[in-house]
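Each of the next two complexes has chain A plus one other chain: chain B in the first, chain C in the second.
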Partner chain A sequence: MNEAHHRRIGDTVLKVDNISLRFGGVRAITGVSFDIKQGEIFSIIGPNGAGKTSMLNVINGFYHPQEGTITYKGTVRRRMRPHHAASTGIARTFQNVALFRGMTTLDNIMTGRLLKMHGPAVRIAYRMGTLGVLLRPLAAGIDFVADMAFWGPAQQEEIRHRAVVERIIDFLEIQAIRKTPVGRLPYGLQKRVELGRALAMEPDLLLLDEPMAGMNVEEKEDMSRFVLDVNDEFGTTIALIEHDMGVVMDISDRVVVLDYGRKIADGKPDDVRRNPDVIKAYLGEAH
Partner chain B sequence: MTPAAAASTETFPALLELNARIRGGRPAIREKDLGIWQTWTWKQVRDEVRVMASGFAALGLKRGDKLVIIGDNRPQLYWAMVAAQALGAVPVPVYQDAAANEMQFVLEHAEARFAVVEDQEQVDKLLEIKARCPRLEAIVYRDPRGLRHYTQPFLHSLAAVDAMGREHVKEHPEFYDEEAAKAKGGDTAIMLYTSGTTGQPKGVVLTFDNVIKMARMSVELEGLTDKDETLSYLPMAWVGDNMFSLGQTYAAGFCINCPESSATVMQDLREIGPTYFFAPPPIFQNILTQVMIRIEDASWIKRRLFHFFMKIARRVGSDILTKNPVPFSLRLLYWLGEVLVFGPLKNTLGFSRMRLVYTAGEAIGPDIFNFFRSIGVPMKQLYGQTEATVFVTVQPNDQVRLDTVGVPCPGVELKLDSNGEVLYRSAGVFKEYYKNPEATAETKTADGWVHTGDAGILDRDGHLKIIDRAKDVGRLRNGALFAPKYLENKLKFFPSIKEAVTFGAERDFATAMISINLDAVGSWAEKRNLPYSSYQELAAKPEVYELIKGNIEQVNRDIAQDRELAGSQIKRFVLLHKELDADDGELTRTRKVRRRFVADKYADIVAALYGGKASVHVEAKVSFEDGRTGMVKADLKIADAAVAEAQPARALAA
Partner chain C sequence: MEFAYKLVVAPWIEILTGPLFFGEVVIGGVLAGVMYSLVALGFVLIYKASGVFNFAQGVMVLFAALSLVGLMERGIPLLPAILLTAAIMLALALVIERVILRYMVNQEQIILFMATIGLTFFLEGFGETVWGSNVKKLDIGIPDAKLDVSHFAISHAALAGIFAAATAASFALMFVWRARAVRSAIDTSKGLVQPPLIGPGTIGFGLFGLVCFAARFFVGPEAAFIGGKASSTASFFTNLSWFGLGAAALVALLTAATWLGRRQAAEDHGADVAPLHYGWFVALGAAGTVAAAAGVVWAARNDILINGFELFAAVMAAVLVIILAVFFQKTRVGRALRAVADDHAAALSVGISLRGIWVIVWAVAGIVALAAGIIWGGKSGVQFSLSLIALKALPVLILGGFTSVPGAIVGGLIIGVGEKVAEVYWSPAIGGAIENWFAYVLALAFLLFRPQGLFGEKIIERV
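This part shows the complex of A and B:
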């Protein structure tokens, strides 16, 4: 069914050039290069410890590679801070769900909008709120100021952001858990909420770190469907990491295979599947 | 005022005009979308329907065409029904969770030219069967998500159809009113396919007169007004939803609410707090289970409060609801319970404002029924059929009972034929089964009586009791009515009885084979220090025989109240050495007893039940869960149960 239409795959949006990453004496990534094109679903796969998550952390600026460059939207950079990645349109999810467990689904997804909130009133409200926590004795007064600042433009802005979030809730079909604290949700739904928070940033490039890890077959199918739909509806470029080959091969346009920090294959799923090095890396070698 | 409204109010388009005129600013329908309840007033609904109908006309929908409607309860799908009716076309709602090949039968049989569906899921199903449904010309979808790349020329978004409609209205401003005015009360309003447990589904043809007359009757009977609110969450293809969400709404002018999704129904129920609600027994069962789980998890004090006040509620709650006299002290305690427990509980469930709650479809368990009534939810039972446009009998508010389905509705005639089958005649009696005159003739007599296929009895107050499917009901040799499922259901309401199989047709008396419930009887035995090591050993204990005997004698006393059934009290019974099991073929996969199979398999036991022996030796093959089989040998005791004195027959009020 997903071959029925032709997605518009454009120019290179992110180019990884000869990246090497070391932690002391441990070589996590060695001389890896690839490029991700606008609008595609791009997967990085490999056995445990192959350097997949390290690669993702390099892309969003959490790790700084010792060698190599990353070109994102035409700008070459070596060092970047994660929040800078976020504000230039890179969003991600985490291998081990990283949500605010005590907050509701709705509030968790709203946090994805934080970088998009611009109004000075919002900032005042936000900072006053923080200040209120720090200065306990004065908290009531400061909260009052914060509440006052919330009226007018700030409230308008909140409504606008809430509308975006509601569309995401509708899109991911999680209306029933809108007001449920995330900690109470089963794992598969938490993953979906995390995807929702990443989508709330309206990213150009979405990095998914093992979105199907720990899921049963049905949850995997659901998640695959959502990944395809996100790509299709919003035209978002998606780079995902998985070590379950089956799912990835079905939904990806292109696949890169890492093993012991080196790239051993790069191409369309069918080519990669037949690549003898890949088979060897996954199944081991007969001795 | 438009000509359609002036002409009559015997069709839905005409009733819509009327509502738009007399309560145009009041809410007609709501839907929760993107987290917010969106409201349309009667005037807005009228305008939407007008545009949609014109759009359908521009697309080529003609008088007499069939238009299938597939999806969850959505305002636009309800409007599509009335829009089709305004053009003289017939809406045919289809169960939205049906598989594509099941839909194919309905589409072909109804010769549907148009389909209005909710989303991609339904579009995909129709595309799958499109080649086999040559008459299907156009598919209109509401939700464009995922459909952007579908290029088939016969696919139209509802937004595009509405745009065509607005153009059409501009060019032909008189068109809608002229078309809508042509409809008459006797015209077909809707076709509903009955799910058909046996054979192919049948298309029940209902006229405007059927639906609107029954709607008006029920609105008057229950005092529904335009201040009422209800939640539309049951399948649109089911006659009940058509009556509640279209018939009664248009007749009384109240507001219906469409849930955000099928997963949010319980939350939406709470937010809306409807005054009028329908649910089949399993839904109430679910709610009750949820409540009990939450209570068990609640703090000690809350748990104590709940159990204390529930004890009072069970004693007097139902009496207070029916306004029967209750001692002042208990009334006071109940009031306290209302403040502390029942009120907050009802509020959490969304039941605070309920003033009319129907349940129907199957026998409801006493614990469920009593729970809701005792906390002040005015639940009552009705009995209906698609062929009757829902209403046959309803319980009057002051005569709500667990084991009856009430008295005939105003204007409904009811009678029982010689073998106990229930027949009725009313303004709601369907016109025909579409393209199936044989089935129509089998079900509906020339003078308008409809065979329900259900066997029933009328009790002394003229209440109808449904006891079984008519074809399963037999007679003892002494002529007494024998309704196996009725007896078995009564037995299975006891927690200690898991399954029961009764025999009696063409016999001298009735007998029962019973599988005990290992959990319930097991814990009962533990409390009494009765040791046992297996199901078989537990079931053979004399104490357990006494326990079950007590249950059976209770059932005997119950049915002794009914003149017709009193003769079929259970005289002898046996406790089986194993649970009846689908793996052994004794139950269907949906856990219904395969009576004939059981009778053959345990022919020795049946013979012993009627042969007067005190015990019987059985050797039976059993299948284990891993697929292995083994032999079980046992000597089963056969016990007698006391028969209650039959109540003296009194003359029946006609």
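This part shows the complex of A and C:
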């Protein structure tokens, strides 16, 4: 971690304040607070079942917490839908790879550009709220006809987005599998394609759910390198989840440790490593 | 022994001795098959986009037809009534999303399937409550009778115009091909090669157009393109069909030759094969259309039975299929639709609104149901049994594959033709009523040997 990197870390992007999440009687998260700063690599770690993925789903809008507030880019966020999270610049990957299995690597990453590719009519419909949802089929139809009538410009736009995607493919070194249906790829590569799709959204905040789960040592090292490179080259703020402490401690600027849905530690990796609560949570207590 | 003779030998003798009648049966089968395809298409759309087998598609056909007839009974003319019904189907899609699908995000497909069964019963009752349950007649102004050819006489100038238009279209589409080449250059990182603007396809079609005009001006309006001087409309159409066939064959040959040459050149240089450009497909399509249209008119002239109504259905289905294919393969919405079909959570994470997509899909399926409703309702009256044609679409889907638009078309044609031919030629052996079960037996055979259907996605299991 060099000086230039530390200088780039800026103001708070996302502030999680006293969040509690319950499923019926099960408390997944209890009163957790932390903040993620612009340009940093932020990790949430903890043993299995600590509420890490639930936390990510809360940030992403998949789950709605019963208590607490989330402040994103300076405004307190109300109840939201996941696809709105995407349009405000939050991208994510999933613990069990969620790719479009029937599509090629290229098509998968291209879907990350969809939000930026909406035709003018659909874009207007999006801004109109509930009425917009009603008018979306109509708007899609108008865009369709417009695309047919002005085929050239539509193609030009497609090519422009394609160029962005090609840069990402080069960056992740997956040129060779560009046209392969992702269902056929080995697990490590699928994870990489999923990262590529998230990157194609050019996110302000990138959420990675156990990006190194189920990988061998070599693949883990590759993935760590990509995470660092993404942060370095694009300045993307990254929040990642892992239950394996090893790799994460090396690449993170800050770490939050959850256990049974509660925050037990927060700080620089070295401090967290020495924290007795953390050691207890991971290794258990001596009897 | 006699049974075996009737089953194995007699039908073939009949076919060989009466080829004209056989042709008639096949044409009738093709046209009926197109109507099956139209229903199957609605299923494929929803299945492709949301992975749900929509049991309610048949009832949506009934509902659309009922609404159309109901509106017309209240004195609204045909065209506005069709537009209004389309609006009703759009509203229906919205309501379905609002009341049912919204609560089904990330649920098992079987649960969505059960929901469509519920929808079936509701729509059935609702439609008949609103519009009444008596059998109604839907008149769309196209007689369900033998085609009257004299209405279809085309002038030479119009013909020349068609070819000129095809030439222009293939020329224009060459620009698109150039754009594609730019993209494939990004693909292979092998540098940019601008393809030529004028290829053999354009030249070929341009020449045909010129010949047409020359014939028109130098020989006169009654000029025969091939063979001797034409004096009657009948022989004009005969010549027209030959001309169309010739054009199609020529374009096909040129296409094949170009493709082979390209592949050879590519192999020599160790490069990828450049894709054929759209111009060829337009040219081929135009030639095929001319050939088919002329063939139909020629057949009608020669007293081969062609049903005008079924022909109209076929043309309508063809146009619908082309529009849908472009919509699903070439647009942003199409890519979003395929994404939603694959994985809900992932689709949400890239910012696709499931609600929006579902409304679009169900609206499109509703419009297709309307098209099917117009055709089937006009053919056999609007009544409850209309919703049962969904059962006929099932074997079509098994044949063609649940995820393939072309599969729905080809499956429909195979079943339509097979049904008619089996009914006419094999009923003496088996005792009639083959038409009712033939499709299902064929589907059963397909399930044994090719469960994914003709065009379905191959099932690959990783173990």
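Details
Just so it is clear, the second predicted complex is superposed on the first by the 247 of 287 C-alpha atoms of A that agree within 3 Å, B and C clash if a C-alpha of one lies under 4 Å from a C-alpha of the other, contacts with A are read in each partner's own complex, and residues count from 1 in each chain.
By our rule, contacts are C-beta pairs under 8 Å (C-beta built on N, C-alpha and C of every residue); 3 or more make two chains touch, one makes a residue touch a chain.
In this text the structure is predicted, and so the values were computed from the model without any measurement.
When the shared chain is aligned, chain C comes close enough to touch A:197, but chain B does not. In the superposition on chain A, A:74 contacts neither chain B nor chain C.
Within the superposed three-chain model, A:166 lies in touch with chain B and with chain C [touch as defined at top].
Contact with chain B, but none with chain C, is seen for A:233 once the two complexes are overlaid on the shared chain. When chain A is checked against chain B and against chain C, the one touching more of its residues turns out to be C. Once the two complexes are laid over each other on the shared chain, residue contacts for A:178 go to chain B and to chain C alike. In the superposition on chain A, A:25 contacts neither chain B nor chain C. In the superposition on the C-alpha atoms of chain A, the part of chain A touched by chain B in one complex and by chain C in the other spans residues 162-163, 166, 178. Across the interface of their complex, chain A is touched by residues 90, 93-94, 175-176, 179-180, 182-183, 186-187, 326-327, 330-333, 335-336, 338-339, 341-343, 345-356, 359-360, 363-364, 457, 460, 462 of chain C. Partner chain C is touched in their complex by these residues of chain A: 60, 62, 81-83, 85-87, 91-92, 94, 98-103, 107, 110-112, 114-115, 117-119, 133-134, 136-138, 140, 143-144, 147-148, 151-152, 155-156, 158-159, 162-163, 166, 178, 183-184, 197-198, 201. Across the complex, chain B meets chain A through its residues 33-36, 145-146, 148-149, 260-261, 263-264, 267. Residue ranges on chain A touching chain B, taken from their complex, read 4-5, 162-163, 166-167, 169-171, 173, 175-176, 178-179, 229, 232-233.
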